[in-house]
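By written order: A, B, C and D. Residues from 1 in each chain.
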Amino acid sequence: MIAGIETHQIYAVTAGLLFCMSLGGLFLCGHFFKKIIATKILGTAVFLLFISLGKRNAMEFADPVPQAMVITGIVVAVSAGAFALALARRIWRETGQSTFEDKP
Amino acid sequence: MCFLLPARLRAPTGLAVAAVTAAAAVALAWQVAVDGMIRHNLGGWDAPLGIGLYADGLSCVFLVLTGVVGLLVSVYARSFFSLPEEQEGATKLFWPLWLILWGALNGMFLSADLFNLYVTIEVVGLAAVALTVLSGRPPALVAGLRYLLAAIAGSMAYLMGVALIYGSVSALDLQVVAQSIEGGSSLRVAFGLMIAGLLVKTAVFPLHFWLPSAHSSAQAPVSAILSALVVKASFYLILRLWVDVFDGSVTVAAGQALGALGAAAVLWGSYQALRQRRLKLMVAHSTVGQIGYMFLLFPLITLAHQGGADAPWLIHAWTGGIYQALAHGLAKAAMFLAVGVFVLAVGSDDREATVDLVGRLPMTTFALALAGVSLIGLPPSGGFVAKWMLLKATFTSGQWWWAPVILIGSFLTAGYVFMVLRQAFAPTKTPIQLKPVPRAMEVTALLLGAAAILIGFRAEEVLFLLDVEAPFQEAVEAEEGGGL
Amino acid sequence: MTLNEWLPLIIVASSLVPGLVIFFLAEHQVTARTVLNLFGATLKLLLVLVVYYGILRGNEYEFRYDIGVDLEFSLRVDLLSLLFAILSSILWLVTTLYAISYLEGSPNRRRFFGFFSICVTASTGIALSGNIVTFFIFYEFLTLATYPLVVHRGTEAALQAGRTYLWYTIGGGTVLFVGVVWLFVLGGSMEFDRTGALAGLAGEHSGQLKILFWVLIGGLGVKAALVPLHGWLPIAMVAPAPVSALLHAVAVVKAGAFGILRVVYDVYGIELAEELGLLTGLAVIASVTIIYGSMRALAQDDLKRRLAYSTVSQLSYIALGTATLGVTGSIGALVHLVHQGVMKITLFFCAGNLAETLGLHKVSELNGVGRRMPLTMAAFTVAAFGMIGLPPIAGFVSKWYLGLGALEAGRPWIVAVLLTSSMLNAAYFLPIVHAAWFREPDGEWTVKRRARYLETSWMLLAPAIATAVLSLAIGLFAATQWSPLEMARQIAEAWYADR
Amino acid sequence: MRPVEIGLDGLLCLLLLVLAWKALRAPHLYQSAIYFIALGLVMALAWVRLAAPDVALAEAAIGTGLLGVLLIDSLRVFARDSKTDPDAESEEPPPGEINVYPAGSARPSGRTLPMILVTASCGLLAILLVEAIIELPDGGGLTAAAQENLERSGVDHPVTAVLLNYRGYDTWLEVGVLLLAMLGIFCAGGRVGFAETRQSNPPGHLLSWLIRALAPLMILAAAYLLWLGKLAPGGAFQSGVILGSAGILLRLAGFQVISRLPPLAVKLGLLLGFGVFLIFGGAALLTGRAFLEYPEARAGELILLVETAAAVSIGFTIFAFFAYLNSRDQPEAQENHAREEGGNQKP
């Protein structure tokens, strides 16, 4: 039974769970900072799924296409994250606002 | 062909590039209309390994829309950003950002690869947010961050769907995926995730929460771009996925669900627009409502598809939805530009402040009125053709329950459009000194408004273009190698 | 394409182009504007007459243009469209003259004349529409073009009236939209010359057809001011007199009435309408409107409002005649379309003259005004007598045919309605006439001296007299070959030809 | 598969989930950031387990390294500025211990219902998603296709082949995204250009010396990684990041890096990667090939050229992210900026 489980499956399921967890976090976290972290984890979850799928048949070396896509994805996600951080910092500095709810 | 992604150019150069890009879009559309669809394999690699670019009727229609609106908005922007009032913040970055955005939009309309589409969505999203916060005013910043987070979440959901699809069919090219797709729960979930992610970006009710603040706090040309083009891009993608990729696996229930969201958006958006006191917020809410109309397309074509590809209302639904996108693109751009002129001249965004503009800014008022006519769907206008087709499709297909939504939406739209116009006719007791507005800004707004009306006179060409590899003809086998 | 195909389009464009050009002229270019306006109006009238001549010789005039899928724009000339087109172009010419003088010196004339021409375009378009879609397009176009005219003065009252007007007309337009689409789904593009497309559906879809009929009438009834959809009309009287005259005597309200004619005769066809039992309902509504309008008119002191309620009442004669089965009733309806227009515009001109020259707006202020403005009041008297239905004025002819038609169709209660209404008409018009001629002048205006030799500007006076003479003439010469009555007879006989 | 491996993988995954949970639920931003960085490191292990060393390198360097630096740097801002807020003085949290809920406002009440809703729908989504993932077929992928064409691609490492040849278009756009993000950050900051100031408390002499010595070494390492990318894990991104980190270290040591360069050079640095791709793609079109198609014979050299340009741009941009944000929020910089603005407004 247990022996039937493949490495990639464990990671793929983890990816699914991480995805949902961070999606919930994105909605429920108040502070900009944590929302940004939630989007990062969201991205990581997606990448994890990609890579675990790439691992399916080749044991030596994973499918290069998802790997390349994930590298691209990481860069894109980091760029977006950096931009979001820059925005959050500016908002905080200009208005002292750190969540969408409070209106200073 | 349309990868003109220049950066760091100042206004005149930017304008020139805008003209070239628009011309390229039109040229491509012409070529597609004459020769049929075009496919170009980037890097010389075929699918599934390489990325393809692919132009058919649907993409060309959107390319040309983007070209026309883009060019006129560029002309407007050139005057707008040379005004002393609009110099704050990083406004000199408008040109590079806008041209990148435009390039990404074009890239998106042409891309035939799921992952590449993700990258273009992300570029579109980032550029759109950057444009939103251009002025650096705090409300714009907050709205921009909200937009950015929503956009990231949306594209991640989309990417998750892509991962699932890659997992099940090992391909990313739209055509290859479409051919090798079979049912199954993983595909359904993938599809759901992708559509949901894109719905966030298209701001369909109830996922529209980010739109009104973002679109209303941006500067006028930016608002026009966002409302007229950026939301259309993700709509295009939903449409593309729906009819080309998941063609066989979409269910009637899914179509009805999207239709219901659209209907709710029509009612809610229009109602909210009626309640706003600030002009730009009103126009932004109106976008939410008008986007809803486009989604009424889905239940109609889905049911049609179940009933066989030659269901008589198919052509109506299809044309209606696309026409709505076109007419709204033109009309909303005109409206935001016209409101931009108002705000500039009067110095206030209050709906009540637009008194007696009909005498003093006749051209702009006229532009606003033309755009309004098209939004309401009064004949003769693009909006009328759209609503006519949609309404007819609802009757013919027996889905009459969408009809009241279309009509009530029109009625509410008439309410807010005429509330502004009525105010514009009222004379002032104390004439406010209007600031002079560059003529080019007034003219471009009027041209866009007139275009929204004029496309109502001639649907034939658009239909012809749409007909090139229309998704309902099962003839996508022919692959023409990179004919650029 | 031959000239005959383009001619209908040129007729429509002959007012559209001047209208659009006027927007680009400067406010002070009065001469250019006037020349342009008159040129357009004259050209249109000439073209319409040319087409009339052609039609009599058996030519066909049709313009078609594909919008896309199955939307087709089509302009086609038949006698009914000519009847309405001739009426609007004659009255446009006259009203243009009147308006030039009436608005002299007031602001925003460029806007006024621009939209005014566009309104006429819309109403000609309605007249020449070859199918229901084109009709609908122009119908909505008319709504849009009249709005700026209603709110032209920009006062609070005008804006309020504009709002009411829009709610009614856009609501009506929306209902009509549904009806038109529905009709389209059932019976295709609904060319007006292919009556009977719906007849085949009668058995299977008769329920739908019945509902559809009322949806269409509901949409058209707003502009035709059928009770209870008439509320906008009296309020819209805040507009300047030429607007009230042309639009609320001719263009807008007649568009509704004309639509009802088209729907009953050309879309459903008289046979089908009868078979479905739709006409009695329409006749009842029309009768109620006639009586109600007259009663309300009695109670108004404001002259223009009284005229407005009179319009509500008189318009429904057309609907009533339409619903009276039989060729004579139909003739009555058609000829009343013309006669009522000519007479009502005269009344509005006169009201405008009184307001402009002496500042009189109320019925109670009119004592002795006939001595001061004899020509105006003479015109008024002619038109008012016509309205009441005194021979030999035009109104008599139409009422005569309506009554005769009712008797032929075996519906004597309609005659009773007509008689009651005529009595009410007399009751609200005669006191005005009496006061104007036989009471002693007592208003403030008596102290003012007469400024000129004429009682008022000739450009105000001439149109009123001309239309008064016209209403007398078309009554007197009703039996000749070129009279509206003769035209109406030809149209109606064609409708009933296959019975 | 051996049970030990399953146990190891299971443990790793569990750790991932726990860390993510902690990062999202931690009461203080500082803790959140730390948990997140830890998550990134564990994730790098997971990549290695999944036989994706390229991704591991990229994740460790960019995803965790760079972003971690940015996050910590942002925390500094969020902490410092609340200190200057006079209203928050009384409830001043200790530095680095910023409460999630801003001072003065209690935990927002009335959020229970949305919380339940969101949790429930996320749970539902999780069930659907896991089911979908389990249902995925056990094989597939494009490994074979990628290997087959490797000879024609001009490089020996399949990931590099995909990145720069098969799907070079994506990579080009991605370099564009970096550029775009930089422009976006300029927008967010409200002005273009860098205002580096000397660190108020420069690090000790030794450290300064060390960093200065380290910098050339790092550049060397970057070049090596770049070259290695042809054969083995490594390549433009990883090497770019090392370049970027060299810059960040220098900056942290208080050196003015960007300000020393002429503005044109800065712009060129940001644009280089994007531009080379574009020129190259255009040239391919002109010579009758498809956009971004490499001539087979010279593919290796050309890819190296493009990669070098991309690496320089990536490194430069990443460093610029940091430098801009870091300098933008220095108190002195703000004052300078305010003065600048005031000066601008006067005439």
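FYI, a contact is a pair of C-beta atoms (placed from the backbone, for glycine too) under 8 Å apart; a residue touches a chain by one contact, two chains touch by 3 or more.
Note that the coordinates shown come from a computational prediction; the quantities given were computed from them, not determined experimentally.
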Key: Chain ID, smallest distance between chain and overall C-alpha centroids   = B
Query = Taking contacts as defined above, which has more of them, A-B or B-D?
reply = B-D
Ask   = Relative to chain B, which chain has the most distant C-alpha mean position?
value = C
Ask   = What whole-number Å value describes the gap between the mean CA coordinates of chain A and chain B?
value = 28
Request  = For chain B and chain D, let me know how many angstrom lie between their CA-based centres, rounded off.
outcome  = 31
Inquiry  = For chain A versus chain D, what separation do you get between their C-alpha means, in angstrom?
reply    = 13
Remark   = dist(centroid_CA(chain B), centroid_CA(chain C)) in Å evaluates to 43
Inquiry  = Among all residues of chain D, which ones touch two or more of the remaining chains?
reply    = 129, 132-133, 136, 140-142, 146, 162, 166-167, 170, 174, 177, 180-181, 184, 188-190
Message = Show the residues in chain B shared as contacts by 2 or more other chains, in ascending order.
response = 49, 115, 119, 122, 126, 129-130, 133, 136, 141, 144, 160, 164, 167
Touching two or more other chains - residue numbers and ranges from chain C = none
Inquiry  = Tell me the shape of the graph of touching chains, choosing from line, ring, star, complete and other.
reply    = other
Query = Considering every pair of chains, which are in touch?
reply = A-B, A-D, B-C, B-D
Message = Which residues of chain B touch chain A once you look at their complex with the stated criterion?
response = 49, 115, 118-119, 122, 125-126, 129-130, 133, 136, 138, 141-142, 144-146, 148-149, 152-153, 156-157, 159-160, 163-164, 166-167
Request  = Enumerate the contact residues on chain C facing chain B in the complex.
outcome  = 23, 66-69, 71, 107-108, 111, 136-137, 140-141, 143-144, 147-148, 151, 154-156, 159, 162-163, 166, 170-171, 173-174, 177-178, 181-182, 184-185
Ask   = Given the complex with chain D, which residues does chain B contribute to the contact?
value = 3, 5, 7-8, 40-45, 48-51, 88-90, 92-93, 96-97, 100, 104, 107, 115-116, 119-120, 122-123, 126-127, 129-131, 133-134, 136, 141, 144, 160, 164, 167-171, 184-186, 188-190, 192-193, 482, 484
Message = Going by the contact rule set out above, which residues of chain A touch chain D in the complex?
response = 2-3, 5-25, 27-31, 33-34, 37-38, 40-41, 44, 47-49, 51-72, 74-83, 85-90, 92-93, 96, 98-99, 101-102
Request  = Could you pull out which chain D residues touch chain B in their complex?
outcome  = 128-129, 131-133, 135-137, 140-142, 145-146, 149, 162, 165-170, 173-174, 176-177, 179-181, 183-184, 186-192, 267, 271, 274, 278, 281, 285, 289-294
